[in-house]
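Got some structures for you, see below.
In the two assemblies presented below, chain A is common to both, partnered first by chain B and then by chain C.
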Partner chain A sequence: MPATNTYDAIQSYTLTSATNTVTFGSIPQTYTDLVLILNLGSTPSAQLTRLRFNGDTGTNYSDTKLRGNGTTAYSTRISNDSNATLNEFAYASTTLGKCNIIVNFMNYSNTTTYKTFLFRANNADLGTELGAGLWRSTAAISAIEVSNPGNNFLSGSTFSLYGIKAA
Partner chain B sequence: MAVSSFSNSGIKSGSKRNKIWDQSAVENSFFSIATNTATGSTADVTFSSIPQTYTHLQLRMIVKNHTANTNNTRIQFNSDTGANYSWHELFGDGASAGSNASISASYMYLGNHPSNAVASAFAVYVVDILDYTNTNKFKTVKTLSGYDLNGSGVVGLRSGNWRSTSAISTIRIFPGADSFGQYSSFALYGIKG
Partner chain C sequence: MVKIQTVTVGVSGASSIDFTSIPQTYTDLKIVASLRSNRSAALGDTPALKFNGSSANFSNRYIFGQGSGTPTSGADADSGLGTMPGPNATASVFGSLEVYIPNYTSANNKSFSTESVMETNATANYMVMMANLWSQTAAITSISIFSQTSSTILQYSTATLYGIKKA
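Let's turn to the complex of A and B:
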């Protein structure tokens, strides 16, 4: 079984001022999976983080989450939403370095399957979340929009996209 | 590390600064070993003669069942079908969180996958198999998995242990019942430490 090196850095942003939305566009279709790594702050107040794919504003997003706050573990669900929400609980704080999120998009370029993605969101002060999200579209993901509803991501927040190619 | 400039068009507001890493200054460490994709009903998937040149392995999978039943995904190593596996899980089904465990099992449980009722929906798994070539320790596995069907679904964290000091040379992935559905895909990667 010949091994092929993979896990390539595709694109990375570090904000130099408060910004509401960061979009990864024209994503290469040459990988199998994508990994999005976020290290976020929010201003003027803590806020959740949302994703959209290919500019789709329809109610085509849903997820099942598991989370814990240091006292209780519980599970929630969102259906028929116009965004994917990564951190209903582990918000991006007003201080950098407290909220990090990793999202795995599996088979993102496959035009036969809906797009399922796994995400983990952590905030040292608030708790941790694990989610399985669904974008009900068989379109290949060519753009990912990361947004902060109503607020802005802090300057210094980082957004990094990687591609993994299967043999 | 060389940095190149590229378009700022992805940043919609605020000051824009961007960079792209040209990959030239970092040693390669994440390798694709092999991939299996189910073309129809598939009873199981086996990776054999796994190279012993990496430190860890990672499985990245999308899985659904071949029939109208939900099912679960299991793993065995080196054809060991004995009661040498244990696992724990923490999961959420959208309504409540739960936990399960099995101490002396004949397989390691990785998570649930959906039926073929929603043809285009799959469960996804990221499975980390740590120190798989080390003959001084038992083998530990960490799994993140889940699926959502817009009104149902489950997500969970699982840990597992194979009580053997043998290096892992074969991995068998199989459903608890039925078979894997079409387009289910299983990709094995090696990570050098």
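Let's turn to the complex of A and C:
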């Protein structure tokens, strides 16, 4: 019996040109959790990677992070922001393959609770970060926008979304 | 996410846990491991990696916590993966390790994410979060987990390699 696939591939993008924003739209509501995997380059370097859900530009995002830059460890938070920021040290570099980000969205399709997500951002040249994010909306997540405000993700950057279904 | 292989260490212990001839048909790899070593008179030991038979060209930045005091951040130019219990840790406790490697077949440098913990119900425990980089463009075809202090990985240690395929 072949092994069962537990991460269902939903959508993926590999950039063929420098791009500012990648959007996963019409996300199926048939899973329990989502996993977003990003492997990025950026031009110019050292730019933030941000998320928005369902096109919401309101100040409905917050997060708390544990960050280390190889010298000092910090814990920081942002409240009432207009997007979720996934990295403040572990930026995307101008070299592809050096920055990876993993985001876990739990119970993304429910319409009762605010949406929480956990994220890890890594760039071994710059730092590592762990964060907990909150989107203060009870709407199901049907779209995820990944952006590099004011700058571009490099051609060759990859964005992959997976669904996980509960037993 | 599909299981590729599980290795369980037998009664004699092992100098390494090896995954060879890794299929090149997935997008990302994930390793989940439960480890303990016999490092002489030590509370903890450091698991480390080889890709394609080499522990060269690795670097990392990390955050380290031990259950008291202020977390620290540092950087190393090696393939260490954080922590696992040694013989001075509470008996029967094995550490947990998770490694996520995006785009392991790409022609770019390979950044990956690592978390390792040991919780022993004792005063000192270790938790390490890392941003790792393998500065090589070759596809990863084999992975070895070993003790950075050349200690033996003990019986009942396990490691499972998973493949994740994008849409």
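Throughout what follows, the second predicted complex is superposed on the first by the 162 of 167 C-alpha atoms of A that agree within 3 Å, B and C clash if a C-alpha of one lies under 4 Å from a C-alpha of the other, contacts with A are read in each partner's own complex, and residues count from 1 in each chain.
Following the convention adopted for this analysis, a contact is a pair of C-beta atoms (placed from the backbone, for glycine too) under 8 Å apart; a residue touches a chain by one contact, two chains touch by 3 or more.
Everything quoted here is computed from the prediction, not taken from an experiment.
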| item | value |
| --- | --- |
| Superposed partners chain B and chain C on chain A - clash or fit | clash |
| Touching partner for A:66 - first (chain B), second (chain C), both, neither | both |
| First (chain B), second (chain C), both or neither touched by A:98 | second |
| First (chain B), second (chain C), both or neither touched by A:37 | second |
| First (chain B), second (chain C), both or neither touched by A:139 | neither |
| Which of chain B and chain C A:79 touches, first, second, both or neither | first |
| Which superposed partner A:112 touches (first chain B, second chain C, both, neither) | first |
| Of chain B and chain C, the chain that contacts the larger number of chain A residues | B |
| Contacts of A:120 with chain B and chain C, given as first, second, both or neither | both |
| Chain B and chain C contact sites that coincide on chain A, given as residue numbers | 3-7, 9-12, 66-68, 73, 120, 130 |
| In the complex, chain C residues that touch chain A | 1-3, 27-28, 59-64, 70-75, 100, 102-103, 106, 108-113, 115, 129-133, 164-167 |
| Chain B partner contacts - residues on chain A that touch it in the complex | 1, 3-25, 32-33, 62-68, 73-77, 79-80, 104, 106-107, 110, 112-114, 116-118, 120, 130-134, 136, 138, 152, 155, 164-167 |
| Of all residues in chain A, those that touch chain C in their complex | 3-7, 9-12, 37-39, 66-73, 90, 95-100, 102, 120-128, 130, 156, 158, 160-162 |
| Complex contacts: residues of chain B adjacent to chain A | 6, 9-21, 23, 28-35, 49-51, 60-62, 90-97, 118, 120-124, 126, 144-157, 183, 185, 187, 189-190 |
